[in-house]
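Letters A, B, C and D mark the chains as written, and numbering starts fresh at 1 in each.
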């Protein structure tokens, strides 16, 4: 029997708190899950530093990846299996792309990518195409199969329906993470009627549209996303932890570049500090390694590195105030000076962080970063862009909301020091 | 104002998926949570290796500890506050003991304690009484306060009601972990009506009893516990991972004792290998450090160490068969010989593991390990031991259930090798 | 001891699927629940005809009323008990008003009020002030107590905070029904974080405001309300059942007025048909009585009455098309004529029904039906109207959404009858 | 196309709070749901008088029947569709039997059957075979199809697998009602992992067995059932309401037999009083009719009838004490005398009610009321009766638990009347 169509002797299930069960029937999927690159995702948290605010958010990208796979499976095996415009031969590539789409995430992904200027999607494709157990499994399906899966991730795959299921404004990725992150944090947002959405998705030529009777379920999904972004993902306290994480890594890099002698040599980071990252280095770096270095660094002689790393580990975070970069420019410049004067290095201790989200976007041809909008299929088969039918979606459509916060170490500022008093005044002005 | 009674300016809450919110009003509790010894619990998983079977079980002892605190708080602030036989002055010591009861857990607790012959409860008390941030906070309450909290943990505290709330057959610890572990694994067991149980708990002289009208809620709780033990905690596959973990640490220790030169010196383990563990060593060891060593060890020259550590990290587990040590004795001896003959070291690769649980016990005076039974308070105020009223509890009361499994590396056994074939036959006989 | 402050010997609880438990400590509340006027609410469904679409929606106004009481109790006993601007002496009147606010609902409330031109709120007050068991209980509290409770219902009570808790854009009534109706229908809308909302409500002089940090919870609540209106309350199929119900009652009334001799004399309806309803008549009429008459009427000689009542009982509903009264005027006139020509009485069989909702409104002084907006209390204590802070709320604020549907008996139209074919064409044009 | 295999143009769904959605694809099922006999189930509560204790329990047999159908559908369409020993041609008869199994329930079923000596199962079959809309639909499938469905209900159908799915110790009926009744009452019992049970059911020759790995899910189900019986179904207060209901009907019958002239002639009950019930009479009697009569009877001249009916409607229930008929025999005789002496008719006001349940039974050949036990299929394919593998099930297996309560009107007993004081003493002795 061909490997591509080989079924397990008996269906295997994983107990999952979000989807009840994850069902695996294909040998290929089973083998992919058993690879060490996929198992590594157990050591990368799904929500980075968010667990320092929502203590339940300790779940990993492993569990999210299984969840995305399960949603994709329900699409292709249940919802689409008899739809005329869905090509059943795309089943396996869709399942694999769903399962593997987050393979390239590094430890504390966002902070990490930011400091070392990396792109996790690129590494996802590198793992799929490189000398890895994942690649080996995919290759057994067909010689061009790894490339196909990689193309779906890169959104260059020929069948746009497949791309859309994995990555669009309403895809399996988002549907899993909204529900999963809501479940683990315990917030009351993040609920929507996924079963209904799966029932109203319609594969058309080159796209997936939504039967118009399902509009309210989609509205609910978009509102969930909006609330999760501002209540959970952009929570200012978890961004404080991310700022510290970023600054710790920056400090370590700066020290390395300056030739500082570490008590404990950060060998795992050398190639990152040098900007020449090999796949094996990347895969070796997970959150247990990173947290170990943070612990080692708490006893380094460099006071900035030891302070920052111990702040992160022991959750002594930075405080914040809201700022508007457009109007607060002079204040920021003044604060930098005051910090230097006070001997608190502003490069690491005075940090502006901005969050920004576009909850939903209609089609703006030619513009940078254009997104494919969601189309409703009306009873007369006409397609209609979602925000034209929904008042609520229209209200937030295309409107980017941005939030800027200035982070600083309030605990280092001493009420008996006139310079510090001046800083505090300036910050709160 | 006295520190012991100092309240926060505004109540703080933690969002919790199990109890909705964790409420903190006391400055002492707030300060304890902020200590680095308590924050360290974020880096110790609540269920050790269980996440390798139930992928949702990635929650930490930090979240469980907050949960136990919250249940204790509801007991002392809501359920007991107007009960005549409850002494309100015990409130703070009870809250602190609830919060801190798991402070001394090491990484992958059970396997770890087993290999190095340690007791987490002893370390909980050592952290409370030692030179730690936790000790410092407790000391600010009163000079004898750390000792009081430690005594509650040790079950030697004078007020037996307090001891009973933290540690008995129906305590806040169990009530949290059953619900929390059920929530994160996603299993359907582990649900019981905690709100009702809190309403029917009655503080009497030296004990906590249950109003008889609440008997069915208690039955349900005991059944939940029974099912969680056999379905989740003793799952044979997660025990397989624990066996590997244990054997990896044993191998590392054996190598150290033999004078083996490690590529990467396991400095964090020296004092454990030598059997002379200092508090600081203990606290420094968390799961990120341990997982890092496992990663380092995958490239060690010693093939047993590298094989075992990579099995753990990449989840290549051992298979198992049921055995009965009473009757299978000869088979085990024979298998040891065959393994040696085949060059597979039985010390690390042929492991019998036993799980055993006593779901509920009535009072057996004088016997070792005696447990205080649960008493129902009948309408006529008479006390009646639970198993005398409940058929179901009676059925499982005092009956220890034990399960023995033999773990071995099926993947190393080769069908074309006659010796291996013999081994397989012997195992499955 | 005074009746007003008399507590039950032991707190009583009702198991409630939405709030877990309803807690009753006051003798007054316990006695009110035991009155026959309150018990009558068990025979009035909370959602009228909705159970014919969402079969789970069979819950009664009894369970909703207990729920509203419980939310009010949490407000006054937990959330507000230590707030300086909340007058604790208002506790009992607030609890009673919450419990009793729906007392005057008739069977299938909306349709019923519409046909007989009645107002349930007026009857709530009539029961509170009339010769009833409820009045008797309230009178035992104080001579002016019934009037006080009645004033809260009428929104004329002096303390505007109390009025606001029972009836405003964010009151206990709405908070219960959204959650309860979502629970019983099973829809995924209707969830919001009530515990958080209770924590951020702040009693100020003459009003209740929301601490600004709770804005997102309020947004979520308003979105829930919006979705529940359009997905559940205004569901076109349940409106079809309501149309039939209304037309059945109208037909019965018309027949009575014409002097028709009923097989089974509708004695319970006489005073309603005559427009001279006494309190006792009103209270006697519940849904079991009404459904019984519908069953009797299925065998009446009048074919319209028997057809309509049997349609309702057996769920043979009318079909519908969307219409716009502004532009479809001529079509409606034409259809009326065609129906008459075809011998299908348009008065009962061609019905336009409109639903309309204003999800949230800001303050529009002087305008009819003005609503008190929701105010956020900003960190600087300034009050800010909700829609000025929330993009989403602003998007739907003050925008009335209306939906018109034309209902007709598709099953009576016969494809072989040219006149009927003409009607169908006209309807779908 | 044949009617038996005719599919709806598009699958229809009902939103269900327990199973999320009920899916209907078959025209036959759709048509059966639309019959008036099936719609009548909306007017029969699933749990009779239980809503007077658990106010959420207002759900109807309509919603339960849809739930049973949905579980059966998942069995035959998902779980069994590829099992070799399942005959796919049994699909439709199984679906229909699942949907229709409760069709013959009367209003407040148990009390009603008891008073008039009726059997709902007999009426289910009578409706299926009689001159009804249901019969007409079934007849369109095949001439012998109504008989087949009726045989499944009667447990005489040839294929014992089909009978077992509808009616056995682990059937779709029980699986739905445990979950549904738990959901609507809000109790924490009643949860078990139905999805897992469906996955481990195995159709064998003439029976359905359980794969042994699913044993714990079955244990959990049996414990759920046990708890639901004693906590919900046999709740002494809802039995009090049932006693009153029964006695009201008995009184009405007794009066009728005696020739009493009713103010309001109970025409709907004549045939029941006379013991000659026709199908049409039976179908006409639903809970709205019955509750209407109860309301009419509150104003009858007979004080017993008016008292009892108003007790039921207004929930003025009887109190109870525990009795043991074996030892309290003399006390009961004495009490009867005392009641008569006091002018309180013991026939209606002194009622012993017994509840009894056998939570699970193994096979006892030849004994009356024998039940087919649940068999586990062990890894070696051997069958093993459940209680031989499960300690918990063994503990309650075959053990009938019975509870006797004596109900009486405490409110009629007056502390200043020596005879009444004597009664109270005797009752509480």
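Definition applied: a contact is a pair of C-beta atoms (placed from the backbone, for glycine too) under 8 Å apart; a residue touches a chain by one contact, two chains touch by 3 or more.
The structure presented is a predicted model; accordingly, all values stated were derived computationally and were not measured.
Chemist: If you tally contacting C-beta pairs, which comes out ahead, B-C or B-D? Let me know.
Modeler: If we tally the contacting C-beta pairs, B-D comes out ahead.
Chemist: If you take the mean of the Cα atoms for each chain, which one ends up farthest from chain A?
Modeler: D
Chemist: Take the average of all CA coordinates in chain C, do the same for chain D, and state the distance between these two points in whole angstrom.
Modeler: Measuring from centre to centre gives 32 Å for this pair.
Chemist: What whole-Å value do you get for the distance between chain B and chain D if each is reduced to the mean of its CA atoms?
Modeler: The separation of the two C-alpha centroids amounts to 44 Å.
Chemist: Based only on mean CA positions, could you tell me how far chain B sits from chain C in angstrom?
Modeler: Chain centroid spacing, chain B to chain C, equals 51 Å.
Chemist: Return the residues of chain D touching two or more other chains; collapse runs of consecutive numbers into ranges.
Modeler: As it turns out, chain D has residues touching two or more other chains at 20, 187.
Chemist: Within the complex, which stretch of chain B touches chain C?
Modeler: Residue positions touching the partner: 13, 20-21, 195, 199.
Chemist: Considering only the defined contacts, which chain D positions touch chain C in the complex?
Modeler: For chain D paired with chain C, touching residues are 14-18, 20, 34-36, 39, 42-43, 51-52, 54-56, 58-60, 62-63, 66, 183-187, 284, 286-292, 295, 310, 313-316.
Chemist: In the complex of these two chains, what residues of chain C are touching chain A?
Modeler: It comes out as residues 187-189, 191-193, 196, 216-217, 219-220, 223, 226-227, 230-231, 391-392, 394-396, 399, 401.
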